[in-house]
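Next, two complexes with chain A in common: one pairs it with chain B, the other with chain C.
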Partner chain A sequence: MVESKQQWKAWLYLAPAIVLLLVFTVWPIINTVVMAFMEDYSGLASIGGETSFRIGLGNFTKVAQNADFQSALRNTMLLCLITVPVSTVLALLIAVALHAIKPLQKALQTIFFLPYVTNSIAIGMVFAAMFNVIGSVGTRRPLISSYGIINDVIRFFGGNWVNWINSGSDYWANMFVLIVYIVWNALPFKILILLGGLTSINKQYYEAAKVDSTPRWRVLWRITVPLLSPMLAYVIITGFIAGFKEYTSIVGIYGESMGPVHAPHRLNTMVGLIYDSLASNNQGRASAAALILFGIILVVTLINLWVSKKRVHY
Partner chain B sequence: MAEQTTRVMQARDMQKTSIQQKIASFLGKAGIYLFLFLMAGIVLFPFYWMINSSLKSLAEYRLSPPTFWPNQVLWTNYADAFTTANLGTLFKNTMIVGIVSTLLSLVITVLSAFAFARLEFKGKELLFAALLATMMIPGELFTITNFATVTNLGWRNTYTVLIVPFLVSVFYIYLLRQNFLQIPNELYLAAKVDGTSDIKYLWKVMVPLALPTLISITILKMMGAWNSYIWPRLVANDEAHRLITNGLRNAFTDTTGDVNYPVQMAAVALVSLPLFLVFVFLRKYIMSGVSRSGIKG
Partner chain C sequence: MKVVLQNLTKIFPSRNKKSNEEVVAVNNFNFEIPDGKLIGLLGPSGCGKSTTLYMISGLLKPSSGKIFFGDDDVTELSTENRGIGLVFQNYALYPHMTVKQNIMFPLENLKGADRPSKEQMLERAYEAAKLVQIEQLLDRKPSELSGGQQQRVAIARALVKMPRVLLLDEPLSNLDARLRLQTREEIRRIQKETGITTIFVTHDQEEAMSISDYIVVMKSGLVQQIGAPQEVYDDPANLFVARFLGTPPINVFTGKIKGGKVYLGDQAVLDVGNLPDQEVYVGIRPEGFIVDENGPMICQLQDVEVMGHATSILTTHEASMNPIIRTLKDSDGPNQFKDGVVRYSIKPHKIFLFKHDETEERIRVEVK
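The block that comes next holds the complex of A and B.
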């Protein structure tokens, strides 16, 4: 009796969650897969009673052949392949350094966590201000009133100023600014996880290394990294997943045009492309692009897991 | 005699190496601190530059080389920013959406986590595994259909559309279920014997014991409302329902060129301030929530 009573009671407790999940999670999964295979389908047209569409892989081939998609895919891949290793190595060094000190450890730890609790659009605007040049950049004889703080620092050390984000700027200059911002933003989470891992490593390994007077970098490479490998694998996988979904950092710095004034959409990413397709009322193509993104994330995650199975010491 | 000399030499050698080691270790420590201070400086610099810029006059901002603290501190930038970006309405909208969605989300999460942790029913394990599997799918995949769904429901440009689609978070259910499982089952059975109702037991025993997790969820959810950008821009981009991040981006569309940066930076500082306050006072909960999740908001 108690058993059967628990049955309906459990479903009653779960009801709100299940209803919402059915509408906003399960149905979208089915619908997205279906729409991705329906060519020339448009939500707007179907409301108007027009239901002409064909079943096929057309959306996928159209998306894959689209020049915008190729550039978005390239941007996303580049950002991932550069920012994930850079931020992981930096986070590892900072975490190890933090672990090695006693005074000021808590204070520094707090400072390094600070970028985590920020609004990526808002702080993106600050980065834009730091790299922005005020004046007529891109003209033949530019009149500059302020080079921006980053260029001022470069000039202070005797370098030439760079047109980072303004009209006429170079693609790699744009990418550099993005990479700096994304790495800055990705550090806190990685440091937090790696530092947590470091504190759980048995001190005996380090005592042994001390007796043998092993050099510091060797201790880092031979003891710390292998023992930290589960956490490293974790931050690398989550880093890749976040990297493939990069979007708001670019909006923060460059605005919704996703690029400098003379070349809008140049820095568009996979997620940006999905929303563009959605905005132009092309659900089929948006769905196909979303499925491709999901596929990429799945493959990268599986590769990471496979590599870590071989390399990670638990 | 010879033996004594060797011993003295050995002792001197040892003293020498120990001094060398001390110097090396001191230099090592100094190097570590130098590296950490340098990195901390880089991490903090954008915040300093935001505040520094937000207090300058436009003329002073355009100076080259720049001033590292405003010659004349201009607090009026903040008042200008407040009116330019219409921050009052944006704050209000974001608070309404944040508070309502957090409360409803907590109720749903507590009820579901309780069912998964304490009640027995057919297909429990299967359902839970299915829920966890949905966490792998990127949110963009849902957005496409959800956009059509909320349009058909006539929810565009309402508070509902900003609250309802994201009420259920599988991750929060998972987090709270793990927490509930740690509470001994004997307590539940004892309460049953005493004839305490499930809801009363949940409210009097389980919720207080799981409070730290609930606080973590609350903070992450509120921060999520504060920082959400993509969905609100898509479905509720009207003046009356616009949220803070979207409103900030809308009010200052130009990021390059000769923009009125001091006012823009003042607006950015105002939007960042509540997050800093949360960080200062509730850091412990954020950090513990984050280290278990790896998700932002």
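The block that comes next holds the complex of A and C.
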């Protein structure tokens, strides 16, 4: 126990951190909650213009009725439900494989880690280039100068080229590109965490399994996965949170229009919606959308924790 | 199942890239372990006993030599196919499974015709649990068990698939003193009940002596002596074995043979007939001293420790290699000694002579 006479010292040392937290974290959170209930409020209006606003739930109903909101919610949910399981399973398999090999382990680890240290907008642009078809795609007699690397590969194996991201492209083609990008981008962090978890598992469990002639898949499923479950839970929960905040990946590939040329905003997400509201000087609606997103993430995380209570062995 | 080790050798390459010093962990180990016996591999740390055990398990590959289970050469066989049960030093119980799931795990790995039905598995798991007396703990997790209980679960898991050979790596080292006594008797009982050839590793000579049919004493990768515990104790092959076995440990002196007598300092303690004159190490077991007013060996009394069932007398002697000589006598009779001097005569079969060179080999004496 710190003596009460000494306590002011403790507060003094904590002060810089506390002040920064209050100004840049706590106050904005409070402000967001307050603003969400201020109808017709505009941040800019308060400088000199109209300052009248009403208190109510109007922002929430407007956000919910917005046609973009429903597609944004659906996009976000779809991306989460597909990319989190896929990237987690892939990361698990890659981590186990990496852990099992000795030569080149460090080199491969570095390669898998590269997306993590690369700017996601830059990666998005590279992805766009890989899937981009250059030429007049939407016209009746397309004149195409480049199909993009991915289509080149498909054509090399005798397949038909796909309009991935250009004008006239299909929604699921758009989503496919996004999913590949997000999964690939999400792998390094997950691999790193799982690899760390794997190294901390006592090797004797594997020797014991070997003595008992356990088949490989059973070792993975009955020993590795349960013993990794705390890391897996962490990776899945943070994966869902990151998934609900998906935004830069779409900007990276499709630009600020959040969709192919013929259908802008088609790939918008919840965070995208918040930015849109802010851009149209509608802080109230942006705050409401942020609170809705917060609520969704909270619910999903609670579900995750509830499931992990049964499945995670610490 | 008898286990035959033939010229078994394990060489670990040097870890340091600059020096090419190899470590010979096990050097040319030969032994035929008879069927259904309990064998203790005994030695100080780094003597190669665990390496030997892990080679028998198949988790380590021998550098040369062969291993047979019965008549099968299993040297090239992987661990999975050897049909052994192995109990690890820290048990390696799967923490996320219950005791029952842990014990059933090896059975669930069996394939084809060997695979018992679910009911049979449960039954066999229960039988194994009963054998080690943990049948009331089947639904607990390992973390909810004491060390001794975990140990039993580990043994049950190793036994449930009826292994050809049961291997135990330092099975008692994680238990407290009292539990150790109890568990070693348990291991002996279980081994006798199942009749499975069992090999265990220990650095505790008392543990090895008390339950083994045979003990193998090792030092620096070399087998020093193999035999029944009492045999090895009574007839050590060299000074190392003599020193390693026995609590309290043997008392060692530098002495010499002159004219057919062994001298400690200027006191002749034993007739050795026609052995040539030479410098020797003399080992005398603590129980080999008889307090005798006319005894030839004269020691200076330091202290008397009363243990109840016996009395231990601490003395010094100029020829002793240890600072204190510890001798045992029964607790009957007085413990008073005149003038701080204790005189002993020596039981001839409790005194051993060893060469005064680097081999420290035993010099055998015809005791008349």
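As a working rule, the second predicted complex is superposed on the first by the 307 of 314 C-alpha atoms of A that agree within 3 Å, B and C clash if a C-alpha of one lies under 4 Å from a C-alpha of the other, contacts with A are read in each partner's own complex, and residues count from 1 in each chain.
The rule is simple: a contact is a pair of C-beta atoms (placed from the backbone, for glycine too) under 8 Å apart; a residue touches a chain by one contact, two chains touch by 3 or more.
None of these values were measured; they are calculated from a predicted model.
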item	value
Combined model on chain A: chain C and chain B, fit or clash	fit
Touched chain A residues, chain B compared with chain C	B
Superposition-derived angle with apex at the Cα centre of chain A and sides reaching chain B and chain C, degrees in steps of 10	70
Contacts of A:212 with chain B and chain C, given as first, second, both or neither	second
Partner chain in contact with A:184 - chain B first, chain C second, else both or neither	first
Which superposed partner A:202 touches (first chain B, second chain C, both, neither)	second
Which superposed partner A:120 touches (first chain B, second chain C, both, neither)	first
Which of chain B and chain C A:227 touches, first, second, both or neither	second
Lowest inter-chain C-alpha distance for chain C and chain B in the superposed arrangement, angstrom	5
Chain A positions touched by chain B in one structure and by chain C in the second	213
List of chain A residues in touch with chain C within their complex	202, 204-205, 207-208, 210-215, 218, 222-223, 226-227, 229, 313
Contacting residues of chain A [partner chain B, same complex]	3, 6-7, 9-11, 13-14, 16-17, 20-21, 23-29, 31-32, 35, 43, 90, 93-94, 97-98, 100-101, 104, 108, 110-123, 125-130, 132, 134-135, 144-147, 149, 152, 156, 165-167, 184, 187, 189, 192-193, 196, 213, 216, 234, 238, 241, 244-245, 247-248, 251-256, 260-261, 271, 274-275, 278, 283, 286-287, 290-291, 293-294, 297-298, 301
Contact footprint of chain A on chain B as seen in their complex	21, 28-29, 32-33, 35-36, 39-40, 42-44, 46-47, 49-50, 53, 61-66, 107-109, 111-112, 114-116, 119-122, 124, 127, 131, 134, 136-149, 164-168, 170, 173, 198, 223, 226-227, 229-230, 234, 245, 248-249, 252-259, 261, 264-265, 268, 271-272, 275-276, 278-279, 283, 286-287, 290-291, 294, 296
Contacting residues of chain C [partner chain A, same complex]	57, 59, 78-81, 84-86, 88, 90, 92, 94-97, 105-106, 108-110, 157-158, 161
